[in-house]
Each structure stands twice: as structure tokens, then as C-alpha cells.
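Reviewing the structure listed below.
All chains are identified by letter, namely A, B, C, D and E, in their written order; residue positions are counted from 1 within each chain.
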Amino acid sequence: MRAPSSTPGSFALELRDVRKSFGRTEIIRGASLQVKPGERVAIIGPNGAGKSTLFNLMSGRFDISSGEILLHGRRIDGKKPFEIARMGLARSFQVSNLFTRLSVFENIRCALLWSMGQRYAFWRFLADLKEVNERADEVLEMIRLDKRRDQMAMNLTYAEQRALEIGITIAGGSDVILLDEPTAGMSKSETKRFVQLIREVTEGKTLLTVEHDMGVVFGLADRIAVLVYGEVIAFDTPEAVRANPRVQEAYLGSVLAETQAAEAQA
Amino acid sequence: MSRNTLAENRPAYHFKPWNVGRWIIWGGFALVLLFAPLLWTSSLAQTMLSQMGIAIIVCLAYNMLLGQGGMLSFGHAVYSGLGAYLAIHALNKIGGGWWLPVSLVPVVGGLAGMGFAILLGYVSTKKAGTTFAMITLGLGELVFSMSLMLPEFFGGEGGISSNRVVGEKVWGISFGPQIQVYYLIAVYCFICTAAMFALTRTPLGRMLNAVRDNPERVEFIGYSTRHVRYIAFILSGFFAGISGGLSAINTEIVNAEVVGAARSGAYLLFVFLGGATFFFGPIIGAVLMVFALVLLSEWTQAWQLYLGLTFVLMVMYAPGGFAGLIMMNLRVASFGKLGKLWTAYLALGGAGLAVLVGFSAMIEMVFHLQLNAALGAEVPFMGATLNALGKDAWVGSVFVVLTGLGLFEVARRQFNLQWGEIQEEIEKEIKRRETL
Amino acid sequence: QKGETVKIAWIDPLTGLMGPVGNNQVKSFQFVAERFNKNNSAGVKFEIIPIDNKLSPAETLNALKSAIDQGVRYVTQGNGSGAAAALVEAVAKHNERNPGKEVLYINHSAVDPDLTNSKCNYWHFRLDADTSMKMEALTTFMKDRPEVKKVYLLNQNYAHGHQVAKYAKDILPRKRPDVQFVGEDLHPLASVRDFAPYVAKIKASGADTVITGNWGSDLSLLVKAANDAGLNVNFYTYYAGVTGTPTALGPAAAGKVFQVSYMHSNMDGVAGEIISGFKAKYPDADWYTGSTYHIYALLSDAMAKAKSTDPVKVAAALEGLKTKSFNGEVEMRKTDHQLQQTLYISTWQKVDAKNKYSVENTGYTFAPVKTFEPYVSSTPTSCQMKRPG
Amino acid sequence: MTLKLENVHAYYGKSHVLHGVGLTVGEGEIVSLLGRNGSGRSTTVKAIMGLVDATGSIQFKGQELVGQKAFEIAHRGVGYVPENRDIFPKLTVHQNLLLGKKGGQKQGRWDFDDMYQLFPRLKERQHTEAGVLSGGEQQMLTLCRTLMGDPDLIMIDEPTEGLAPKIVELVAEYLRELKRRGISVLLVEQKLTIALEVSERCLVMGHGRIVFEGTPTALKADSYVRKEWLEV
Amino acid sequence: MQIDQILINLLNGLSSGLLLFMLSSGLTLIFSMMGVLNFAHASFYMLGAFVAYTVTGWLNFTAALILAPLIVGALGALFERGVLRKVHKYGHVPELLVTFGLSYVALEVVQLIWGRIPLNFEPPTWLQGPAFTLIQRTGQGLSVVAGLASPEMCQSVGDMVVQCTRFPMTRAFMMMVAVGMLVALWLFITRTRIGLVIQAALTHPEMVESLGHNVPRVFMLVFGAGCALAGLAGVIGGVTFVTEPNMSHIGPIIFAVIVIGGMGSLSGAFVGSLVVGMLQTLPLTVDSSLADALRSMGAVVTPDTVGYPILRITLSQVAPILPYLLLVLILIFRPKGLLGTREE
């Protein structure tokens, strides 16, 4: 597994005045964010605020229009997704994005190959890669899909697919992990289980997650960033964010959010 | 849970010291390659066997792109064809005094195919999907047209010919007799098939599947989809080139059609017909290709009609190709339920045969009337003689077709019912096993 | 040899681009065989086994193998010089590698001069006149046509087209130093849909004469486009009589199209009988492949001379053989196995009292305008024949 | 009775998912369908829409729907908002809404302006390709698109999925508005808070059957049902 | 080159481009809307010509001009209904293959019914003869005469050389119909929602049905319409050129056209057709090669120069492959095509 390449004191992930426009509309308007290694950060904000876009920028899916993005102190903006992934940043998708015709095990193993040094090898058998295979099984165990190991991914239930989505994201041992609405579409009970799961598998890693379920947000995050219209209007501890009047006005301020948050913090 | 127990619980990904099934299959394959020419000894049969060996390599190479990597190429003949050209030039050079054993000429073809794949693949694999398909189509047309414009290298439509009986004999093998060429092809065929199978079991092979399934996600787990496609394309070009080199030795003539669109199209069609989703599908496809193009056209003038209809029907009713059909039945068999189906199969087969016989009798008569009417009204058909102008033959065939169709429909319904039941039972069985 | 059946494998396209031509030829071969089977000098029976080679050299070799498997010792082929070259080589290799099972290749229509020059081979005999011979005849004819001043060469971009252009440029200036070549074009084979641009180019060049080896739709479309654009030139062609083209020529081309061939549609004697007999049997088709007569005439005489149907002996007997065929006496020249025969120039015109035969039932016909004795078109050969033994 | 299901069984190919579902939705009534993941709620809705093979009886305004094709059912006045944001990604927002209208339909209760008024965000983005919309915006779009078809019954599968809490409340408000206009609603929801708040009746599904039917109050009170069929 | 030659070359390029458009419009309609790369498109083109030939025999050409496309369209719709629809769920490759298979069947069936040799499909009298004649007189420039110019007008008088070039009626008619097609299609696409319905149905068929659209019928309609367009092109192509089974071999060039223009864009198909038509036509007039170009720059090029076989080829010889060269270049540098909007 990759050793965290950060020097002490530097940030795991840093955004400096990042901007992004699509055509004439500017979606991200100078967002800045500094995430410390090992920190768990949740990003919240109204629909269309640019949360997913921000993830897309950080993971290299889109190019930024201006600004800088740094991973462990190294510039990653302008790099391709696979280069960023090789540098230790992994992400999940809001809509499950799996290798549907491969088995669950193969899904995880594919996610491991690069990080375990296999690159484009066509002179080695997968079956002989003992370490890789063992690690893949470990991950399956972790996301509790070991029973479904040899099923094709497309035959999984929704919740299982979400679990696999997260499994693929964390498998490569990246130390910065971005999860986009990991619990969307889950019932309360399942959500609880998932929060637990995410906690376990991201132990010791830097986590950024987007969520609308305040229960998850408050249950998971060390700090919360609030994104409104492409700007980070607050970045603070859960309590402070909850109390922040601007946040209340722009985003929370509803019975639903309050109850969710309260339940989680209780 | 500790790693050790895990490894013991899940041995599936380790080669067992004796993976019996695999040994049987590969041993069987080798035996077939070894003994086929002893069973079919006519010179046509041996030519066809040689062509099958060659076709197997190129179809498997093609399927690395189509089946494994989801890349639809309309121009793969470019690589096998250019491989063939360089191989035949090499052969001529050997005749002119170069030192190179003839048995290594296919490797020259392979390297040529690979070289052109490196060159042209660089542009084609920039994109995937339809764009890729269109680039390959364009490149294919370009290379084909070039081949007619540069007779110095391509020899015009007459092509370049050569003599394979050149250079020093190794162990008394001159490659004069077809049988010696066949065994050369068989050896290459076996090695290449094994190599391409092995490739599906490597990290690259697996990532190629991943790229096929979901290219977007691949980029986020550290791989460049383009590099994966490019490397696969190059390897596929290599194997295609080898098959081209073998064909150069086999026919001793290479002309523009080897890089033509019809050839590329045939790869696509027959790989699909064989079954692109399974590794061994293209092997079936290759065998069918040689049969269809060599034998079918000898049996009947209507061969293109039969070919076209077969494609349409296969794609409609068996999109997994023959390999798909085989695997479905193997699955049924592995649950010990194939026995229940054989009466249904018999009925289906019988009715289908009747339709086929009646239908093809009519087609043959129509063709006969149109093309050879003046030779008399008699059409030789499956050992019998039909009178294409008489009422009897027509009424008879129409009757056969109609009853055949009726019976077929009945049999099909029955079969569907049974098939469904069996599938249900199998699902249940699987669920039961899972819960164990 | 009397009473023996001689199987001849006919390896030519039955499908695809040249399919119609091939189908016509199979009929011709079979039709003339019937005639010879009633009576021939060797007393043998000829049987034609048609095999489709799809115009492809590689398929031709498959077809050859299949024919050999069926015990065939004589093969004939003619459509496509590419396939012909492949066949020459394949037959040579086969005969070398399988002594005692030799096969003879009788080339009925492939006209690439190389086949009897640089690529000449003992086992190959050609019945048609090659490109250079036909060009000799054509240019000798043009020599006396003062209206020929500016010549345009338009040909298919493949071996046959290249040869036509090459020999035109070689031979015509010898006979008519005053003639100017005002343009030359090679267009892709059988894939040009629209000849208007070429016609415009010919027009711009000011040409009054076009020499073309085109056949099939490449010729029909060319003439049609020329008519449409009001291009007023004469076409000197090799293959205006081949299936389908006459229909497309139609009235508009009357008097403008010339053809060089070793026969024409209004011959008398044997050829006349066959032409009308063929028409009676196949109302939609014409007999224009005269070599289907040559082949039986030559083979039966050679077999009678050799007293055997063994290809080795028959080949020896064929060398230098002279026989009477439908277009006068023909000789299989020993040095290169090229048949020496009379050639005709004919022109496309409305049927009249003298020229009654309606080609493809169009009401038009190829009327002879000039006959050339064999010596006129005889060309020297560079062939260095290697004879077995 | 607007909608009435009796003993409906449904299958995905060979796998039997609904085992005799019966339910009713009255005119202008909001009924919510609750249950765990995989309990068959979406399947029920799809069966009504004619998107999965079903047997039994499904009556809409007295007409039998089983065996009819989806587009025929839609023309009868049934609207369906799917759970996975099936927007048409290559079409613009406006075009998506346009497709919500049925062929040969006269002016309905709603028009573009109503939609844009409801969700101003959509108006801002009306000429954008729908595929690039944010998750929440897509959710809004699916709702509106179905409304454009002017249905008498609308079946909504998890409408609040991925919406910010504030918008969720907006959606609740909007459901009440539908009811006010006389439209019946069959709501599939995960968020109990919302479901209990807006609906008049609640149905709980488990393993392809209806296991509870009653008012929100009754459901709140029934801790057994909640434990057994809704929570862990 | 003289003005009239330039003009006639441009007209030829234009008309050959417009014929391409007649073919590519139907293909693009089907491809852009249904995603089906219809390999049998050229077969429907051929079928159009043959059917029209027969109908002309029964009735007259005008009737054939209307009936043949309808018949071909109906056959296309039938194929969609009976075959393509079944295959649709398996994805695009099987769809493509099934049309590939159809192209074989169609060719054989046509040959069975109408034979293998070219038919004598004459244009009706009102389409015969020239539409106009260009008359070029040295010193006097160019004039245009509608219809056929009298022979006297084309007679050279003394020093003045007179050149007449006719432009055939069939071609003029072809151009007119192509433009008509463009307008009709444009209306069809912009004034109806059918395009939207189909595009949406490609990715989410169930959803579109749930919104109340009869998707299968729309697919059938569009496929039929595309085939009818091919049929119409066939009627006109048949009388303008030849009616023979080989017509179905125009093949890949129309794919090149729609890709160059931009897949799924009607205006793209139009521009692509014109570009390809010109590209195939205009270079034919240039007889110089790279070798000539080098020589004119002072280099010595002999048959022994490296790469002479390539240097020797004239522009007129490469003209036929230029569209494919353009195709590859376009795909590399502007994958969405000249006027396309979609990336993949």
C-alpha cells in the first residue's frame, strides 16, 4: 500500500481560489478549502451549488478555469483523472458507476491493480498475484460483499451496488477519498450501517463527502464546508456551522434538517 | 479475520497443480490440430484446414478488440493484410538470398502487423465507440485504395506472388507439400491461441474488459483507457499480422483484397456469429468463415442469400452466437437437465430441417430457372432431381415448408416452455446452493 | 482416348461484379460443348465444371484445389488478369510438386501481355489476343482515320487498364506520329458512379478520340455521361460487347463506339450458327466469348494428335498446333503459347440488312468495319519458355 | 376510486417480485407506499405503468390496465416519475419538458411557466443539456416533465432523493398543491418524516406484499410494523 | 481552364454532392435518431431504382417517382418491425450486423427478380436532353441557353472557337429534388417532436413510453422514412446513372459523408455531402503530382528517387480517396464533424 506522501504540516488537499465556468455561466466562483490529513470533511449546500462539480474538478474529470488545486502540496489541476488517481486520490460517483459485466471480486481487483504496481502487465497471470487477490478479498470482507464475490455487478441490489461503489473507491489505498452522496436512496437503517462502514474503511484517511442527509453529515464529519452558488461560505465544526445564521438561511433552516441533525448528534 | 484463512477459503484464483478440465481442453485442441489432416486428406480439405488455422488466429485477434475491449473495428484486415504483404516480400527476399528460415516468416508478418498497429493505432485508439469504428473504416478504405495505387509494393490487383519452397531445408522440411504448411500453421495456431487466452488472464486483459464495461470509471482507478486500448490494439495487430504471414506462406500470393473492406467485414461478421462474448467463440466463427466462403459457394449459387439469411436469423435469435448457444446448453447440462430437452430439440431440429429443405429446394429452383434454365428443367438437389418447371416440385416444396413451419412453431412453443421451466429450476438450484 | 470424358474446370466469377459475365460464359462453354460432344476429332466428351472464384486470386487457388480433388486435369479461366497470374503460378507449382498429376491451364480471356511474356509458362495457353495485339489492330485501323487527331486515354486503375494505356502510348505514335495524346486518366476500378467530371476533362482537353480498356459499368457509365454532356468523340474500346454494356450504350452511342475483338456479332459460318443457336436457347443473352469455341477445337485436335487426354502429352501436342476455328485458321504459337488469330474492328450501329443481329435485343449491333489477318496483330514475345524434361 | 389494484403479481423475467398486492387510491388522495429497500415498491409502481409483466387486476377509473402498453396507460391519465432520474441527458431542459406533453393533447392544467415558477432554478437552466444538471435539478426536472402530461394520477418514486432539505419541504408543499388541484398521488418515499406529513393514508410493503395500511397517525403508533418492516 | 469548364466542374461537383446528400440524408436520419448504422441503406437505394423501373413499366415515371419511395419505405418499415425491433435490445453492433445481413439478402433477391445485368431504365422524355447548354466563344465569354443549343450556335466560325457543353436535365432534376428533400427534412425535424422522442427513446425507452409516446411506432416510421429517402434517391440515381445490382456498392462513402458533416446533424450531412462531392470531383481536373510540385521547386525527381511511387501519383488519381483522408483527419482533430454537436 502507498505510504502517505504528505510532509507533516502541509494539507492533504487544498483548493486555492478555484473557478469553473461552463460556457458563460460560472459555476464555481473562487472556492478555497484546506483539508488536513486524516480529517473528515462534509460538503453541504443547495442543489446545483456546485458540490459534484467541485469533486469533478478535484478528480480531474473537468479542467478548472482558474485557480490551483493541490494534493499533498503538489499541483494536480490540469492533470488527467488517471494521473490524479495514481497520486492517491480516489472518488466515488453519485450514480453507481461499476464494471457491470465483471464479477464483484473482479471489480475490486481492477481497482487494486494499478496501485499494487501491476500497470499494463500482460506477462503475468492475475491468478499468480497473491497479494492483490488477498487484498481484494479483504476489501470484500470489509464492505460485506464476500458472500456475493462471484456475482456479476449488475445483478447486485441497489444497496449492494452502493457498497461496491465505495469498495472500488477505497480499494486502491488512496489516502484522499471523495464520496458523492454515498447513502443516497437508502433507507434509514441502511444509511446507519453505511455511515458505520464508511467510518471503518476510511480510518486514518482524508475523507471528503457530499451529502444532503444531515444525519450522515453530522454523524460523519469533523468539519463541514458549506458551498452556496460556487462559494464556500462557511467551513467549520458541525456545531458552529449549525449555528451559523447564513448557513441556516441558505441551506438548513428547515424542520427536516434540524431533526436529522439532532438525531445524529444525539 | 486473518489473511491466511482467507487464502485457504478462496482457492479459486490459484491454478491447481492439476487443473484437469483445462488440460483436457487444451490437450483436445492440440489433438484436433494434430489429427485433423489425417482424417480429411483431400487437398481441398487440407487447404481448408490450413485456412481455418489462419482464420482462428485472426478472429481471436479481432475479438481482443471486439469482445474483450468493446472496440468495433471495420478495418482489421489492414493489419493481417499488411502483415501478409511484408511476409510475402520477406519470402521473396529469402528466395533472393536472405537468410531466414521460412518457418519464421509469420513472425515477420506479426511484427509488420504490430508496426502498423503502433502507427495507425495511435490515431484510432484516441477515441472509442462510434468514432473509433469510423476511423478504422476510413483507414481501411485508405489503405485499400493505396494498395491499388502503389503496385510497386502491393502488386496491383494481381498481387505479389512468391514461392515458399526457398531457403535451406530445416530437418528435411521444404514446405512444398501442403501438409507441411498445415503443421506449421497448426503450431502457430496453437501457440497464438494459448497466448491470447493467457492474455485474458493478465492485468492488461482484465483492464481491457473494464474499459469495455465502463471506460469512465477506469480513468479514476489509475488507468488511462487510451493506453489500455492502444496496447491491446498493438497486440491484436501482432497476432493478426502473424495470421497474415501464415496466409502468405499458405497461398503464396497476396493481393489487395487481403486489406479490403470485405475481409474486415468478414472478421466482424464471423466473430460475432461464433460468439464474441466467449473466448472460444471466434474459433467457431473462423471455422464457419472458411466453410462459408470456400464450400458454401461451391455447393450452391445462392450462397450469398443463405449467408445473409443465416446472419439475420442468428443475430435475431442467438445474439450470443454459436458460443452463446453452446454455453447455454452446457449450463443446462451441468445441472443435469439437458436430458429433458432432447425430445424438444429433436422436434425443433426435425421441423427446422424440413423448413430448410423445402425452402432451399425452392431457392435452388428459382436460381436454376434464372441462371441455367436452358440446361433443362432438372435441378440436382441433395441427391435427388427436381423438375423446376413441373408443378410437383413446387407444390411439394411449398407443402414441406408450410408443414415444417407449422411443426416448428408448435415445437418452438413447447421448447420455450420447457426451457423456461428449466431455467427457473436452475435459478432455484443456484439460490439453494448459495444459501448452503 | 475415344469415348473418354474430359472434365474442364471453369474457374471464374459467378457472383459479384463480374458475375453476369461469368454466367454468360458458363452458358457459352456449355452450349459449345454440346456441339462438340456430338462430333469432334478426338471423339471425346467435354464436361464443364463451373467453380466460382469471386474474382479473387486467393479464391481461385482454392477453386483449383477443389478441381484437382475432383480429378480435373484441365482448367480454364479468363476474367481478371490478377486471378490468371495467380493461376499460372499455382498450376506451375502444382505440376512441379506433383509429377504425374499435371494440370493444364487454358486461358480464355485474360489479356495481360505479361502472361505470355515475362510470366510465360509451359502449362498456360492463351486463346484471346492480348492487349498489345489488340492495340496493334486498333492502331492500324486508326492509322487510316484522319479524324483521329487528339487522343485521350481513360482507363481503369488496375493492371489491364495500365496495359492498355501503356501500349496505346507505345504503338500509336509509331503508326501516327502526328497524333497528340491530350490527356490520360486512370480511375478506380468499378467504383466510379459519376463520370461527368472525367467527361468534362476530356472535353476540356479538346480530344476527338478516347481509347479505353474499360468494361462493364465503367464503360456504360462513361459513354452515357459523354452522351449527356454532348461530348462528341469516338470511343475505341476492348470490351463494349460484354454483358450489360450494349444495353447501356443504346442509340446515343451509335457510330461512336468501336470495338476490337477476335469476333463480332454478325459473323457467318460456324460462328453465325452458334450465335443464332445461342440466342434461340437463351433469348436474353449473346454469345460473345469466341474462345469457348477455340478451346474445344484446339483440345480435341491436340488430343487426337497425342492420342491421349493426358495433359502432358496434350500440352506438347498443342504447341504450334494449327486448326480451323470460327475466325479462320488459328495457330497456338510455340514460343509463348499465344494464339495467333484474325481480329476484327466493329462499330456500334443500328441493325441493317447486312448486319441483322440485334445485340441484347437493343436493335443495335456490332457491325464489322475491318478485318485483320493474324500477322497484323502478331507481336514479338520475350518469353523464354522452360519446357519440362 | 381512481386506482384499484387486486391481487397483483409481478415478475422480472422469471423472478417473482410482487406476491398479490392490493391497494386503492381515491380521487385527490395522497397515498404513500413505504418499505425497506427491495421490498417491491418501485416494482408496484412500474407494474401499474405497464413496465413490468404483471397479472391480477389493475383498474384505473374503472378501466383495466393489465396488458396495456405504457404509452396507452399514460394516455389514460397516469403519470409516472421514476426513481433514478430518467431525464433525457442529451436534450435540453426545455426539450425534456416538451416531451412530457403527449401527442394531440389539449392545453392541460400546467404549462412551462407554472413549472418554471415552481422551480426557478430550472428556468435559469432551460437551454442546458439535462445530462449536466446537478442531481437535485434533475430530480426537479423529472417531476415537472411528468406534470406537463397533465395526469389525473401521478406516481412518484422517491422524489426527495438527493434534494437539499429546504427543497424537500418545497416538494412536500407541491404535493399538497397537486392534491388541491384534484390530482391523486401515489408516493413512494424513504423519508418517513415527509411521507407521514403529507399523506392521508400509508401503505407499508414487505417482501412483495402490503403488510400495513392505515393513517399516518396509526403508523406512528404501530411500533411493531415500524420495527419489523421499516427499520432494522 | 476556361470559365465554362470551371463552371461545369463546379456544377458536376455540386450535383454529385447533392446525390450524396439524397443518400446520406436518409442514413443520417436513421443513424442520428436511432443510432443504427444502416449498412443496408445502399440496398434500399438500389431497390428504389428497380422498383421504379417496374412501376414505370406498369404506369409511368411520375407515378414511379411517388410510388417507388413509398414501397421502399414500407419495406423498410416492415424490416424494422419484423427484424430490427427484435434486435434493438441487444445493442448497436447486432443492429448493424442485421442490416449487414439484410444487404446480402436484398442484393440476391433483387437479382432473382430483376436479373443480374443492367436494366434499360430510360428517363421520361421530359427528363431527357440537356437542361441548359453553356456556350463559350473565344473573345466573347460565356452564354447560357436553356435546353439544347442549336447546332449552328455551336459551330466554330472562322477564328472564333465555339464550345458547347450541355448540362443534362436528369442532373438538374436531381439537384432540385435534393434541395426539396433538405427543406422537407428540415421541416420534419424542426416542426415535429419526433426527433426528440427518438433521441430520448434511445437511452430511456421506457421513460418515453411512460410519458405517452408510442415509441415502437415512431421507430418504425423513422426507419421507413429513411428508407423511403434512399428509395427516392434510387429512382433518380437509376435514371441518371445505371440501374443495376452494383448500385448497392456505393457503400462507405456515405458513411464518410455523415461523419465528416457531423453525425446526427442534417445541415452537417448537407455540408458534408457537398464537401465530399467537390472533393471527389474537382481534384480530378488536376493532373500534377507531388513529383511535379517538387520539380517546380527545383528539386530533381527521377524514378530512382526514394518514394517515387508515391510522388508519382497524380492528384486526380488520389481524388477518390480524399474523402477518407478527410474523414480520418476530421475524426482526429474534430471528432464531432464539421457541423456536429455531439462528441461521441
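Just so it is clear, contacts are C-beta pairs under 8 Å (C-beta built on N, C-alpha and C of every residue); 3 or more make two chains touch, one makes a residue touch a chain.
Being a predicted model, the structure only gives us computed values, none of them experimental.
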Relative to subunit B, largest Cα-centroid distance belongs to chain D
Centre-to-centre on C-alpha atoms, which chain is most distant from subunit A?
C
When A-D is set beside B-E, which has more C-beta pairs in contact?
B-E
How far is the middle of subunit A from the middle of subunit C, if each middle is the mean of its Cα atoms, in Å?
76
Cα-centroid distance, subunit A relative to subunit E, in whole angstrom:
51
Using mean CA coordinates as chain centres, what's the subunit B-subunit C distance in Å?
38
Where does subunit A touch two or more other chains at once, residue-wise?
none
Among the residues of subunit E, pick out those that touch two or more other chains and give their numbers.
115, 317, 320
Subunit E-facing residues of subunit B, complex
66, 72, 123, 126-131, 133-135, 137-139, 141-142, 145-146, 149-153, 261, 265, 268-269, 272, 302, 304-305, 307-312, 315-316, 319, 366-367, 370
Applying the document's contact rule, which stretches of subunit D touch subunit A when the two form their complex?
36-38, 83-84, 121, 125, 132-137, 139-140, 158, 161-169, 190-194, 230-232
Subunit C-facing residues of subunit B, complex
42-45, 47-48, 51, 145, 148-149, 151, 156-159, 161, 163, 165, 176-177, 247, 251-253, 255, 257-258, 293-294, 297-298, 301, 303-304, 371-375
Contact residues on subunit E for subunit C in the complex?
1-2, 5, 8-9, 12-13, 15-16, 19, 115-120, 122, 130, 133, 163-168, 170-171, 237, 241-242, 244, 246, 249-250, 280-282, 284-285, 287, 316-317, 320
Where on subunit E does subunit D make contact in their complex?
193, 196-197, 199-200, 203-204, 206-215, 342
